[in-house]
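In the two complexes that follow, chain A is the common piece, with chain B as its partner first and chain C second.
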Partner chain A sequence: MAEKSATKSKPVVLPMARIKTIMRSSAEITNIGQESVYLVARATELFIQHLATEAFKQDPETTDTLAYGDLAEVVNDADNLQFLADVIPKKIVVRDYLRMVRQQEEEKEKAKQQSLQEEREDTDS
Partner chain B sequence: MAEKIEDLNLPNAVITRIIKDALPDGVNVSKEARSAISRAASVFVLYATSCANNFALKGKRKTLNGTDVIAAVQEMEFEQFLDQLKDSWEAFKKEQKDKKDAAEKRKKTKEGEKAEGSGAGQPSQDEVNTSTEAAGNTDSMEQGEDKDDDQEM
Partner chain C sequence: MDGGGEGQMDQSTDHTADDTGTLSMAVHLEGTPQGADGTQGLLTNDYSYVLDDSAAGASANDGIASGGDDDGGHKDGDSLREHVGVEPLQEQDRFLPIHNISRIMRKAIPKKEKIAKDAKECVQECVSEFISFITSEASDRCHQEKRKTINGEDILFAMSTLGFDSYVEPLKLYLQKYRESMKGEKGGMNTSTTGAGDESMASDLGADDSFTANIISTDGQTTMTYTYPTQVQMGQQLQFTGMSS
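Right after this comes the complex of A and B.
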């Protein structure tokens, strides 16, 4: 059966039933035509290929592995992958994170002192 | 509706195969990367569905059809998929039609057989008779057993 469909058209390897379940889990959907399930399945397959190849191209030095960082990089760079920003976020190390937090606090402190100073000037005048 | 949360994931083996086929031979895919792609694929399905649904609503239709999905893919800026998608769509439609035709053909030949078979209905009648006889036999046997039981009591 699988061989037969392989010669006829490009076989969808993603299970249509599962795709339909995911589609139906969206609240606003009422009816889903069979051909739309097929097309979403096929588009998802193309999407996976696209994502994998783009991420692989990202890092020309390491040609033997596809790492998470490559994916995050692609998602960060490509406009049409922006919807994945929360799904595949860029990772940062704790040291950088702490530095960012400290920087923010320093800025806050500065702003506070500035506003205090301004207040004092106001009362003086 | 999905019963379990795992029902919203796509099967790992299939995802892995698609990734492997897309990349050159011998490339390793880290576990983290694989699960990230899998999550991304599920989100892609939802995003495409929601976009397609917007087009269906615009067209005042209640059922998502193929054109809605094509329009959604375009809207999502994945134009590079369109040619392949349309080709697959044509193939799918043809396949569905062939299936339908084949089913109709089968139905017709079946009906034809039925029409021919009505003339030679005698053997089936005999079959029914023998089966009722057999049923009668088992009944009497059971009764006999019952009697035996009574005697033993």
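Right after this comes the complex of A and C.
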């Protein structure tokens, strides 16, 4: 479908049909105007560029690869990206996870011991 | 059980040792988030985490968990909201093509910078989530106003509400060009700008609306009136009259 544009605008690089499909599945709506699909397509482009740029800023200069961790940092820091918090949780290695679990269990134990001790003191007095 | 973590694990664990002798451990917890690359998430008291199965971190002693099959993407998504009464989409329909996404990303960063595969997949998921997020906000507004069709203004309003107001101005420009190019298709085009005070064509102007668009069709002519609030750069009321050929 050739568009005669009075003013030039870049062609959209994302598939409009797919975007429309995703939109349809997102909410109970009867109709989606063509304009809104176009706007969402453009907005998505901006969004991708935004994510990429921000992630690149997070990337330390030692690596030349944009990685998952950079994206996780971006999502963490930005207020308007909180809706992505579950999509990009931060990654840790198992070793660190186990250490954290152990720490928490130790703290729980300590707290338990403390409360037991306090009980004993109460009964003694 | 060889190598791997010390101490007792409360949760159920599957231990498998693959051919290379590396211990893989999948830790299953209830209600855990799915990571972008399909690995199970882990919950501790305050944080949710995804096990890092990248090559850099992996070694026999670390016991890095791998998320099972690694077929280049995405498990059946829990991350995308499923609304009541709407069928969950096939996997390929839920995401935009990764090639297009990767192209857009690469244009935004210096040429020599590479992008990790899991980063691309992650952006892919984020994008779908973003689309859903915007759409459901726009749709809510539509319902509130008893309209059945989401239009451009709903999208722009949703952007602004959800903290993406920096996108609104560029999007308005895109929208303007898009509308002009659409008009161009219909043949001759007359545009006239009238003073801000002329409201003769506009029927409801919502008091707190940012944008109002009214389409009035009479006898094969379509007149579109767009009214913008004065704080916006385009403070005029623009009238487009399209003649159907």
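We take it that the second predicted complex is superposed on the first by the 113 of 125 C-alpha atoms of A that agree within 3 Å, B and C clash if a C-alpha of one lies under 4 Å from a C-alpha of the other, contacts with A are read in each partner's own complex, and residues count from 1 in each chain.
We take it that a residue touches a chain if its C-beta (ideal position, glycine included) is under 8 Å from a C-beta of that chain, and two chains touch if they have at least 3 such contacts.
Just so we're clear, the structure is a prediction, and the values are computed from it rather than from any experiment.
On the superposed chain A, the two partners chain B and chain C do not both fit; they clash.
Touch criterion met: A:70 reaches chain B and chain C at once. Contact with chain C, but none with chain B, is seen for A:92 once the two complexes are overlaid on the shared chain. Once the two complexes are overlaid on the shared chain, A:100 sits against chain C while remaining clear of chain B.
Once the two complexes are laid over each other on the shared chain, residue contacts for A:19 go to chain B and to chain C alike.
The superposed model puts chain B in the path of chain C at one of 22-30, 166-174, 202-210 or 220-228, which is 166-174.
Common to the chain B and chain C interfaces on chain A are residues 5, 8-9, 13-15, 18-19, 21-26, 28-33, 35-36, 38-40, 42-49, 51-53, 55-56, 64-68, 70-71, 75, 79-80, 83-84, 87-88.
Within the complex formed with chain B, the residues of chain A that make contact are 5, 8-10, 12-15, 18-19, 21-26, 28-36, 38-40, 42-53, 55-56, 63-68, 70-72, 75, 79-80, 83-84, 87-88.
Put simply, chain A touches chain C in their complex at residues 3-9, 13-15, 18-19, 21-33, 35-36, 38-40, 42-49, 51-53, 55-56, 59, 64-68, 70-71, 75, 79-80, 83-84, 86-95, 97-98, 100-102, 104. Taken in their complex, chain C has these residues touching chain A: 5-7, 9, 25, 27, 33, 35-37, 41-42, 44-45, 47-52, 54, 57, 61-65, 79-81, 83-89, 93-94, 96-97, 100-101, 103-110, 112-116, 118-119, 122-123, 125-136, 138-140, 142, 148-152, 154-156, 159, 162-164, 167, 170-171, 174-175, 177-185, 189.
Across the interface of their complex, chain A is touched by residues 1-2, 7-8, 10-11, 14-15, 17-19, 21-24, 26-30, 32-33, 36-37, 39-50, 52-53, 62-66, 68-70, 73, 76-78, 80-81, 84-85, 87-89, 91-96 of chain B.
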